[in-house]
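Have a look at these structures, which come just after this line.
In the two complexes that follow, chain A is the common piece, with chain B as its partner first and chain C second.
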Partner chain A sequence: MASVNPSIRTCLRCVKQTANANASLSVSGARFLSTTAPVSQEAAAQTQENPFEKWGPLDPALVDNKRDERRLIRKEGVMPIGSRRRRAALRTSAQIPFEQLPYQAFQEARKILLEDRQEKIKQIETQKLRLANLLKQDPAVSGGEEAKEVRVKSMQDHIRELIILADINDPIVKKKFEDGEGDMEKPIYRYLADKKWRQYKKLILDQRIEQFHIVPDLLPSLDPVADVDLAFGRRKINPGEFVDSCISESMPRLKVQVFDKGEKLVTVVVVDADVPVPEKDSFTTRCQFIASNIPISPTQTFIPLNRLDPKPKGSEEAAPKHIALPWLAPWAHKGAPYRRLAVFVLEQNGANALDIAALEKTKREHFNLRGFIHKQKLKPIGVTLFRTQWDENMAGVMQRAGLADQVKIEFKQKKIDPLPYKRRTERMR
Partner chain B sequence: MLLPRILAPIRAATKASPSFVPSSRVLDTLRNVNSANSSPTLSFIRNATSLSQGRANGAKDGPGKRLGAKKTGGEYVIPGNIIFRQRGTTWFPGENCGMGRDHCIFAKQPGYVRYYRDPRKHPTRQYIGITFTKDETLPYPPNAPRRRRLGLVPVIRESVPELQTAEAGAETGLPAAPTNAAGSTLLVGKKGYAFREANWDIGRAAERAGVKVREFVPGDRFRAWRKSKARKEANAEKKRLRGATKAGKKPQKKRRGPGGR
Partner chain C sequence: MPSTTSLRAFQPVFRPLHISSFRPQNTFLRTPQPFLRKPTASSIAAFTSPFSSTARLLRRKKGGKGGSDSRIVAIRYHLNHPLTPRPLRFSRSRFLRHWTIHRAWMLFLRKRRWAEERELERQYMSMRDACETLRLLDESGNKVSEAEAGGQGVEIGKLGPRGKEVGRLYRAAMNKTGVWDSVPIEYARVQVDFPSRDGWNHEWTRA
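== the complex of A and B ==
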């Protein structure tokens, strides 16, 4: 759309407007000497026919006022690109491509960058050749099997680094990444996205993992490498946010952005880390949800948990393909401390599919995530969490989940007996 | 070339003193001559700048502050018990312990006191912690799940509010919110007990009461002038009244001189 000549666009708009005007004229002829009722009918019919016709085509790269942005988002479902200031600037500027911009210094700088890129590409070629030669070499010549492996690995790392360095200074790459048009199949965009994630979102996530003691309580250690976004319907949930019980009654959707190449299968596990056990005066864990064998890749990021196993229209129940333990609405007793619900994205070993029927036998109560990960040979790649506590909708949620008997239970502070009085000399003994 | 000038004072001194100066006193003579104010007597008396006796240097031997351990290792404590009193942080609060504003260490959970070090947390600090059972030791193994106590008991509520059916709309466990005179529901305050009307409801109050506002006519300068005049008059009146109260108060606040009672 950005490449469309502005004059053509205005022409199109004129054509559309005249078409509208004609239509209204012809209808107004029919409405001659009538009451006002048909006017509203006609207006309604018009809006039903084509709601976009009123304002013409909107370009997400060029909309520069709030109203048009809203229209674009609501009616066409397209997010505007970049900042409003940028869009306004683009609208008024002649949109000349980078190669033709009339700035001498800029063009000279581009030349230097292009030279650098050519140099890097040449280096990559030589490195690839050297790697191929090394792979052909007899391990005895290169100092043993281990030494050869180490050398191969370091050379591969070096090539990866060179591939990034070849593109990192390209202004087009930078622009595309900032516009969100970067192709995540390409290493440079994955690298930039990873860097951006680590600059802010990962720091917040790390802090939440530490603050909410996810690390010693559920896993011994955790270094997330994938960006996980959690949302219930349209509501995005930041890590650690309190979620209203009626919102979390339905399954969330996840967006898992991985920054390394290739498709992989993941298992999603949701664990409640604060299930009170009044008999033992302590806490335990409960598994709220398990879904396995979900394919993700750098470009395939969306995991709508509620649409993983679509229910067939007919009465016959098809065997679930992904969900091993269906979603249990998070709930908390009145007066009990808040519940931490951690959503783990676990990579399956070697993209091997897990047996769903076997996973279905997993017990929800006293769920041991460490054991589960060890047994199924999983690797945690992403995590996010939310919290829930007793609220005004919780009673209804619990009743619908079949926990009507639990609604009546309220947790009260336990009374601790005071120490018996002892005289000072007695205490010393 | 410089020699005559340097030796000039010596010459002057020897000329001034008619008597013979022995070789052992030559230096003294020179010193006298070279000093700016050649005083005949030199007296060095150094007075004390601070008091050496009495309370001036602080009483060193005051009453004891009863600091130190109030509970020994392994002793049973309940929440709020003070375990250690100290000046500064000789000991730090560890598991299930807190630190007061005077750095005293107190218990947050019932259990058994442990004095320990945790090099993973800090290389040199010493901690006081509480374990839930008698045989446990601190620090806990690294990366193990935290040992936590619920500290709550389940109680069955007598008055559980009846739930509305799912068809009726939003289900709430709370009783129906109170309504105002107009019949609209009142908002529940932050603490849950104070009720007030919602802002949109307050905004609609005039509409309900049937208050009519004269329509604004753009360009009606006469009406605008009348309104602004009325406003200015009202402001002037207000200002006058304010001035009157100030003037009335002033004589009362009059201060008496230092001599008066």
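== the complex of A and C ==
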């Protein structure tokens, strides 16, 4: 999910750390290709003296003069990290943790924030006590069953809000979230991720849903609450993008980030919304794929559709655990308009597993998503879509999908004769 | 026009080369140039000014002061200074510190505002309670019941069953009749020179 992707900074740090790891490796024997000394020289160096004793250990993150750098590269085979300016700055600066940096305003600000946090924690404890008392209370005292429920719900909301407020001002939390190191089990990181998603990706997704008429063509209404990223192999697909037919021939992988607590089972349905019906001069829908009972949680986001049901080597007949309708490569006829393929992530009711054997009987053609959702008691939580159209690989894809007879079909615009008074000759007369 | 200290940045630091090219060449040749070992004719032609051409050095050499003409500085200021201030660009750590301080400041302001509002609320409630007490007060200083008291708000003139003896002070305070009897009414507003008592004097001319 891009919302909690590590920033470039973290990536750089990762690279640096691996470089460090390499350094330790190289000291223990393995060396980089470019800096390997000939074996004879190596042996000579070992017989003469240990080079490290002469100038002590060199830290690749801190060497800041030319001679030490050269020593590090030549003798230890380690490239120094970062620029010399950065290394010098790191070397001369005291390595103080961020919270203890000696800036007066900063420390005073931290004091205020910590005080506020303690207050919030105390408030949370009080609210929890109050909630426990309310739950114990007789409904007749609290004004009836409904009123009590409303009060309990509002108190729980308030506690949730306080939990967010207790951590929202922590600079370390902000830093960790920006670095993509946030623990999505914790409410504050889920809150921040949700906010970030709603600020940009959700807006685009909403626009795509509207402009491609997913609502109301497939569903009467749709309010996505989970971030769904679609990718074919390593290629990420933005909502509504055209996908080359040879890329979409294999199953995609999904990354579904939910922002609320707990594990849930989801069903993934891929629907083609524009299957032409030339006889009736209209369009219908087709189900490309159904997979059910996939567990997801805030930390378990990855759904590799192609690895959902790994086929055991020996027995080909093992019953599929997740996939009810296998992936049908999306295709479009030549000359026909593009196809919208919507990927729905549907939450199953109360973590009840669906019967895969029953789902396998679902008809692909004229698939009715509304009916399916109603029948299986599902709730749409996430959606994304891509488009496909005729391209140079489509013929091959269709042949491999067993649609060789369809390859030659070409759709053409029906030519409508202009009305008599609009005819050029009529007007000229 | 800002103060002169902030205008220091607009005073000329680098003098363009063509200005010093008016100087005759022989003076240049007389000064010793340690970094130019062989002053060939071509190099002299290229270096018609000394290596370092900062305004300060040139001024020191000339012995006179120059370059700090306030008119020139003013022109430079109005030509060069940007309309928008430079954007804040911070390192990661510094930005996080900045953000921390900003959040703490916002929190502080919010708490202070909240406290101020509570204080105002407390004062208002206190005044309201005092007025209510006055309304329910009879002549002997006893509290009467709501049924015996007079009206309040828009019905301030309405008397209760016990007549004028209940809530006299309350009515006096709310009606505000006779409040300014012993004090000139002008004191009800701040006394200022304008507008004049006689209106505008159109006939007035300068002596």
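Things worth noting here:
Note that the second predicted complex is superposed on the first by the 319 of 429 C-alpha atoms of A that agree within 3 Å, B and C clash if a C-alpha of one lies under 4 Å from a C-alpha of the other, contacts with A are read in each partner's own complex, and residues count from 1 in each chain.
As a working rule, contacts are C-beta pairs under 8 Å (C-beta built on N, C-alpha and C of every residue); 3 or more make two chains touch, one makes a residue touch a chain.
Quick caveat: nothing in here was measured; it's all calculated off a predicted structure.
Once the two complexes are overlaid through chain A, chain B and chain C fit side by side, free of any clash as defined at the top of the document.
Once the two complexes are laid over each other on the shared chain, residue contacts for A:Lys175 go to chain C alone; chain B is not touched.
Shared-chain residue A:Ala88: touches no atom of chain B or chain C. Touched residues of chain A were counted for both chain B and chain C, and B has more of them. By the document's definition of touching, of the two partners only chain C reaches A:Ala105; chain B does not.
In the overlay built on the shared chain, the residue A:Ile164 is in contact with neither chain B nor chain C.
Once chain A of one complex is fitted onto chain A of the other, the partner contacts of A:Leu131 are absent, as it touches neither chain B nor chain C.
By the touch criterion stated above, A:Leu113 is placed in contact with chain C alone, chain B being left untouched. Our summary of the superposed model lists a minimum C-alpha distance of 10 Å between chain B and chain C.
Against chain A, in their complex, chain B makes its touches with residues 76-79, 81, 110, 143-157, 160-161, 163, 166, 170-174. For chain A in complex with chain C, the touching residues are 9, 98, 101, 103, 105-106, 108-110, 112-113, 116, 169, 171, 174-175. Chain C contributes residues 92-93, 96-97, 99-101, 103-105, 107-108 to its touches with chain A in the complex. Residues 213, 215-218, 220-221, 246, 276-278, 281-283, 333-337, 392-396, 399-400, 407-414, 416-419 of chain A are the ones that touch chain B when the two sit in their complex.
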